[in-house]
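Chain lettering (A, B, C, D and E) follows the sequence in which the chains are written, and residue indices restart at 1 in each chain.
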Amino acid sequence: MKKPVIDAQNVDLTFQTNDGPVHALKNVNLEINKGDFVSFIGPSGCGKTTFLRCIAGLETPTGGRLTVNGMTPEEARKSRAYGYVFQAAGLYPWRTIRGNIQLPLEIMGFPKSEWKGHIDRVLDLVDLRGFGKKFPWQLSGGMQQRASIARALAFDADILLMDEPFGALDEIVRDKLNEELLKLWAATQKTIGFVTHSIPEAVYLSTKIVVMSPRPGRITDVIESTLPPDRPLDIRDSEEFIKIAHRVREGLRAGHDA
Amino acid sequence: MSRLDTRAEQVLWPLGFGVLVLALWEFGVRLFGVSPAILPPPSAILAAILSSGPTLWEDWVQTVVKGALNGLWMGTLAALILAVIIDRFVFLKRGLLPVANFFAALPIVGLAPIMVMWFGFDWHSKAAVVAVMVFFPMLVNMLGGLAAVDTMQRDLMRTYAASHTQTLLKLRGPAALPFLFNGLKIATSLALIGAIVAEYFGSPIRGMGFRISTEMGRLATDMVWAEIVVSAVTGTALYGIVSAIEKRVTFWHPSQRG
Amino acid sequence: ADDVTLQLKWVTQAQFAGYYVALEKGFYEAEDLNVTIKPGGPDVAPVQVLLGGGADVMVDWMPSALAARENGAPVVNIAQPYKSSGMMLTCLKESGITGPEDFPGKTLGVWFYGNEYPFLSWMGKLGLATDGSEGGVTVLKQGFNVDPLLQKQAACISTMTYNEYWQVIDAGISADDLITFKYEDQGVATLEDGLYVLEDSLTDEAFKDKMARFVKASMEGWTYAAANPEEAAEIVLDYDETGAQTMTHQVRMMTEVAKLLEGSDGSLDVADYERTVASLLSGGSDPVITKEPMGAYTLEITDAAMK
Amino acid sequence: MKNILPIVTIVLALIVIWYGAAFKMNSTWTYDQAARAGTEVTFSDLLSDTMQQSRPLLPAPHQIASELWNTTVEKKITSKRSMVYQGMITLKTTLLGFVFGIVIGVALATVIVLSRVGRLTLMPWAIISQTIPIVALAPIIVVLSNAVGTGTLMVPKAIIAAYLSFYPVLVSMVKGLTSPDQMQLDLLRTYGARQSDVFWKLRLPSSMPYFFASLKVAVAASFVGAVVAELSTSAISGLGARMLIGSQFGEPMIMWAALFAAAILAGLLIFLVGSFEKAARHLMGGRAL
Amino acid sequence: MKKPVIDAQNVDLTFQTNDGPVHALKNVNLEINKGDFVSFIGPSGCGKTTFLRCIAGLETPTGGRLTVNGMTPEEARKSRAYGYVFQAAGLYPWRTIRGNIQLPLEIMGFPKSEWKGHIDRVLDLVDLRGFGKKFPWQLSGGMQQRASIARALAFDADILLMDEPFGALDEIVRDKLNEELLKLWAATQKTIGFVTHSIPEAVYLSTKIVVMSPRPGRITDVIESTLPPDRPLDIRDSEEFIKIAHRVREGLRAGHDA
C-alpha cells in the first residue's frame, strides 16, 4: 500500500482567546497521497486556513496526530518541504520580482551560482520572463499572484500549499491561471493543497475535494473526482462536472445550515 | 511576541527599571563624590520635593495651570477653527497651508522674548508662546484628519446630497478624532516645555521655569531636579489623561480595539 | 608655560577688559602663563564651571560666591580688582518714584540667576517684602534687556552704571526722564567682579604660585586698560565673538568701569568684605547667607603678587 | 504651480496685516517719546516713525527684509555678523544631533522590537523622557561634558538636539519594525528562516518607509533642539545665540532677522530631507509620487 | 412607449491624469427602464464602477447625454433618487448598526418619529434584527455588507445602485443574499444597477446583462434574460441558465483578448 504524504488522524485544534476557547478544528481525518491535488472548500471560518497552517507546521494541533512524510510538520518545515502561497500575493515591495523569488534561495542557503538558474526556470514557468527587473507594483494583480507562485516553486519543495491564491482576481484571469496551474501540476507531479471559495474552481482543479463545515471545523465530505486528468476549460459545461459541482454545493449547504 | 502583557508586567518592568536607575545614580554620586551642585543624589531630590511642597505647588499653578493649560486650549481651539475654515475653501488650503508650514518651521521658543514684550511678564506671555507652539502641530494634524476620509465614505454622503456642514459633522469630524488626539499628545508635552522655557525670558518670581533657572544660579540643584520631576510627572499625567480620553472617544478605531 | 582657564561672569565686554588686555599685550605670557578666557552668559553659573573642572579661576560677585559657599561649593576670593559696585536701580520719573520710600506697590525688575542677592538684601534693609504681599514691591525676573522699562512694564529696572543704563539712554530716553539709585549711595553695595578659585586647589603650592602670577599680570592689564580706554575697547571688540558689540559702547563702558576700579590694587579690602558680609547676613527674614563665612577669602595670593 | 496665486495672495494679505499691526503697536512708543519731549505728533510723523524705529515692538516687514539682506548677502560669510556664518554653526549642531538621534532611535527601537522585556521597560521611559524640560538641564549638560573633556559647546548642544530628535525616530522605527503582518512572517517561517533572517530580510526593509517618514520630523526636532541649546547654554554663536544676543544688546532687529533666518534654514532642511526621502523611496522600489 | 428611467446616449468619460488621459468610457449607449434589474459585468478596469458613478452623478461624463428621470444625474442626486451600495461595506465605525442606517435619515431630514420605523423595517429585511446596537467591527463581513444594503434601502430611493456588493462574501452567504435581493426587488419594483464579477450571479439576478470591455470602456453586449421572473436557486443548473452564462462568458473572453 502507498504511504500517504500527509496523514491527519483525529486532528483537533482549539485557540485560547479572550472570549474563551475557539474550536477551529475538530476530529479531522485525512490522507493525502503523493501527487494528489486536494482542494479545501467550505464557508468562511470553517478552518481551511487553519488546517493548511497545521500541515505547514505554522500552527500546532492541540490533539490528534499529523505527519508529513512520516515526520512532524515542524521537522518537515525545517527540512524545507513546503512551498506556501498565501491568499494575497505578499511580495516584498522593496525587492524586484527576481529579488522576491531569490528570497527563499538566500534564506535556505542555496549557492549563489545556482540562483539565476532557479529564478529563470520559474519565471518561465509562470510566464513572467522579462518582468524580473520590475517591482511588484508595476505588475497587475494577476501577474503578482503568478510571481508569488513562482516564489513558492523556486526551491522545489515537494508539497505546495495554496491558500485562496486566486481570490482577488477576475474570472477570466482566474481561468487562465487555473489552466496553467493544472499544467504545472501535471509536469511536476507535486502534491498540492489548495483552499478556495469557488465551487467550479475546486471541481475543475482537484483530484480530491474536501468539503468542510464550521463550528467546530470538521470535514463533512471528501469527493474523489471522476474527471479525466486532461481538462480543457469547457469541461466545466459537461454533465460530469455539473454533477460533482452539485454534490459539493449540497455538501456546503448542509454544513452551512447545521 | 504572542504572549499578552499583563497589567502587572506593564507596571512592574518600567518601575523596576526606574528604581534601578535611581539606585545606580544614588550609588554613583556617592561613590565618585560628585558635588551636589552638579548632580544631587535622588535622596536629596526627594528631600527637596518633600520640604518645598508649597513652593512647588505655587510654581505648578503658575506654569502648568495658568501658562501651559491656557495656552493649550487657546492654541488648540484656534487650530481647530482655522482647520475647519481652511478646509472649507480650496483657495485658502492652497495658499495658507504652505505659509503655515513655513511658520511651523520657526523655532517658536525664539518668540518668547517677543511675547514677553507684547504680553507682559505674567502667564499671558507664556500662554501665548504655548498657544503658538501647539497651534501648528494641531493644525497640521486636524487638516490631515479632515482629509483622511476615504473617497467612498465621502461619496456616500454625496449620494445623500449632504451639505458641507452635514458631512463635516457626521463624517469628517468623527473620522478626524484619532488625528486630533495624536496632535494633542504631541501638544501636551510641547505646552509644558514651552511654558517652562518661556519663563527664562522674563517672569514674575514664581513658576517652574523661573525656579529652575534661579535655583540653578544658586547651585540649589536639588530644587532644580525637584521641578524637573514635577514637570515629568505632570507631562506623563497629561499624556495619560489624553490617552484615556482617546480610548473612550475613539473606541471604534482599530488602534484602540487591540 | 602654565595653563590657566578663566571663566567670566558675562559675555565678552569691557567689564572684563583687564583680562583681555593682559592676554593681548602679552602680560600673561611674560609671567609664563598660557591663559584661556571663557566668556559667560545668562545661563552659565561660573561656580558650576569651576566645580565641573572647566576652569581654574572665575570672575564672580561676592554675594553669589558666598551663597554658593554655603551651598557646598567652597570658593575662595583671591583678588578683588573692582573696588566699588556698579549696580543701580534705574526708574522712569513718570512712574512717580522719587526715593526708596515710593517703592511700595511698584514693580521692580531684578536680575536673578545668582545676581538677585544685592537687591534682596537692600529690600531686606528697607523692610520691604518682595513676595508680592501688601505694602511690599512686586518683583519681576527681568530678562536680558532693558525693554521692561521702555515698555513701562516695570517702574524700575536693574542696570549697571557701565552697561544697561546706557542702553536706556541709547534707546532715546534722556537722563532727565530717569532717576537712578546706586547701591553704593544707598549703603548696600556689595563687592563685584572678584577672582575666585576652589578652596581645595589652594593646598597646592604650584597652583598658588600660578595664581599669584595670574593676578599680577591681570592687574597690569587692568591698569593699562584704565589708562587707555580706547585701545582696551578695541581689544575687547577683537575678542568679541558675537559681533554685536560696538566701539562707542565699549569705550564708554571702559570709562565707567575705570571709575569702579579706582582705589584697588587687586587685593581685597577686608573692611569692604566685612561690610558685604554684614549686609548679606542682615537681609531681613530670608538672609542671603545665614552664618558668618569662614575662610572665604585669602590675601596670600595678592600678597605674593604684590611683592 | 496652480498654488502660486493663492500663496502670493495670502502672503500679500499677511504683509498688509503685518504693516497695520506694526503701525498700531509701534505708535505707543512714538506717542510716549513725543510726550517726554513735549511735542505733538502728526499723522505723517507717526507713519514714518513707526516704520523705522530701531527698537520696535513689531518691526515692519521691510525692516526685517533689509536686515536679512544686510546680514546675508552684504556681509562676507566669514563675518560673525553674517547670518550665513551663524546659520552654518546651527546647521552643524543640527546635523550632529540628527545623526546621534537617528543612531539612538534606531538602536532603542531594535531592542524594543526584539525583546519583550526591552519593550516593557524602555517604551514608557521613552515617552516620559520627552516630558522632561531638557533645557533645564542644559547648564548641567554643559558642565558635565566639560568635565568629560569636550572643550567646545558643540557636544552639549548636539546632545540636546539628539535628545529631541531620537524620539520620532524611535516611535516610527518601532512601528516600522513591527509592521510586517503575520502572513509575511509566516512566509519566512515556511522557509525555516532564522530570527536574524527575519530581522535583516523582512523587519528592517519593511521599516524603511517609516524610517524615512520620521526623518523629516526628526530633523525639525533636531533643529529646534539646536536653537534651544544655543539659547540655553550661553552659546555665543549660532542662530539661537543670535536671537538671545539681539535681545540682550537691545537690538531687536538682530533677533527678528535671526528668527526668520532660522525659519528659512529649517524650511530648507525639511525640504532637503524630504527630497532625500523621495529619492530613497524610489531606490527602495517605491512608487514615484 | 415607456420612457426609460436612465438614458445614456454616447456617454464618454476621459480622466486627465499625470500620465495623460485615460478613456474610462467611450460611446456608451444604454436605456434602463423602470423596474429593470441590470447587471454590469466585465474585466477589471473596464469602467463598470465609473459608469455607475456617472449614473449617480458622482462623476460627470465628458461627452454625450445622460439623463435620469429626465433630469441630469446631479439634479436626481439632489432629489435623493439613489440608494448606493459600495463595494466595501463602508459603515462608519463610530456608529452602531442602527446609527449607520439612521445616517441618511438624519441627513435627508426625515422626522425623528419615523426613524425607528424605517430602521426596524430594513433591519428585518436584511435579517439583522437584534444586531442594531452592535458596532460594525463586531459583525462578520457578510453582516456588515447586509447592514450597508439596509442603509441604502432605509430611505426608499427609486434607484438602487450596487457596486460588487457581494464581492467579499463566501458562496453560500452570497446565494442567500442573492435570493433575498431578488425577493426585495420583486416586492418593491425598484430599478437596480448591479456590478459583479461573477457570471452566475449576473445571470441569476438580472433582467438585462451588460457586458463591457476595457481600454476604452465600452459595452460589447447587452443580453436580455429569458429566465422567468421567479427564480429558485437551482435554476442555475438549468439548460437556459447555462446557455446565457455561456454567452456572457464568450462576450467577456472576446473583450479580454481584444
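Just so we're on the same page, a contact is a pair of C-beta atoms (placed from the backbone, for glycine too) under 8 Å apart; a residue touches a chain by one contact, two chains touch by 3 or more.
The UniProt protein names, listed by chain, are A, E = ABC transporter ATP-binding protein; B = Binding-protein-dependent transport system inner membrane protein; D = Binding-protein-dependent transport systems inner membrane component.
All of these numbers come straight from a predicted model, not from anything done at the bench.
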Problem - Required minimum of steps from chain A to chain B, each step between chains that touch - result: 2
Exercise for the section: Check every other chain and keep only those touching both chain B and chain E; list them. Expected result: none
Fill in the blank from the handout: Note to self: most contacts are between B-D
Handout entry: Distance from the mean Cα position of chain E to that of chain C, given in whole angstrom
Key = 85
Exercise for the section: Between chain D and chain E, tell me the centre distance in angstrom, where each centre is the average of that chain's C-alpha atoms. Expected result: 52
Handout entry: Centre-of-Cα separation between chain D and chain C, whole angstrom
Key = 35
Completion exercise
Going by residue number, chain D touches two or more other chains at 57, 139-140, 143-144, 147, 232, 247
Practice task
Would you please write down the residue numbers of chain B that are in contact with two or more other chains?
Solution key: 38, 113, 117, 200-201, 213, 216
Completion exercise
Flagged in chain C as touching 2+ other chains are 42-43, 45, 48, 51-52, 143-145, 147, 151
Fill in the blank from the handout: Chains touch in the following pairs A-D, A-E, B-C, B-D, B-E, C-D
Practice task
Mind listing the chain D positions that touch chain A in their complex?
Solution key: 183-184, 186-193, 197, 201-202, 205-206, 208, 284-287
Handout entry: chain D partner contacts - residues on chain B that touch it in the complex
Key = 1, 3, 5, 9-10, 13-14, 16-18, 38-39, 91-92, 94-96, 98-99, 101-103, 105-111, 113-114, 117-118, 189, 192-193, 196-197, 200-201, 208-209, 212-213, 216, 221, 224, 227-228, 231-232, 234-236, 238-239
Exercise for the section: Would you mind writing out the residues of chain B in touch with chain C in their complex? Expected result: 35-38, 113, 116-117, 120-121, 199-205, 210, 213-214, 216-220
Completion exercise
Counting only contacts in the complex, chain D reaches chain C at residues 29, 32-33, 36, 54-55, 57, 79-81, 138-140, 142-144, 146-147, 232-237, 241, 244-251, 254
Exercise for the section: Can you check the complex and tell me which residues of chain A touch chain D? Expected result: 53, 56-58, 77-80, 82-84, 86-88, 90, 92-96, 103-104, 106-108, 135-137, 155
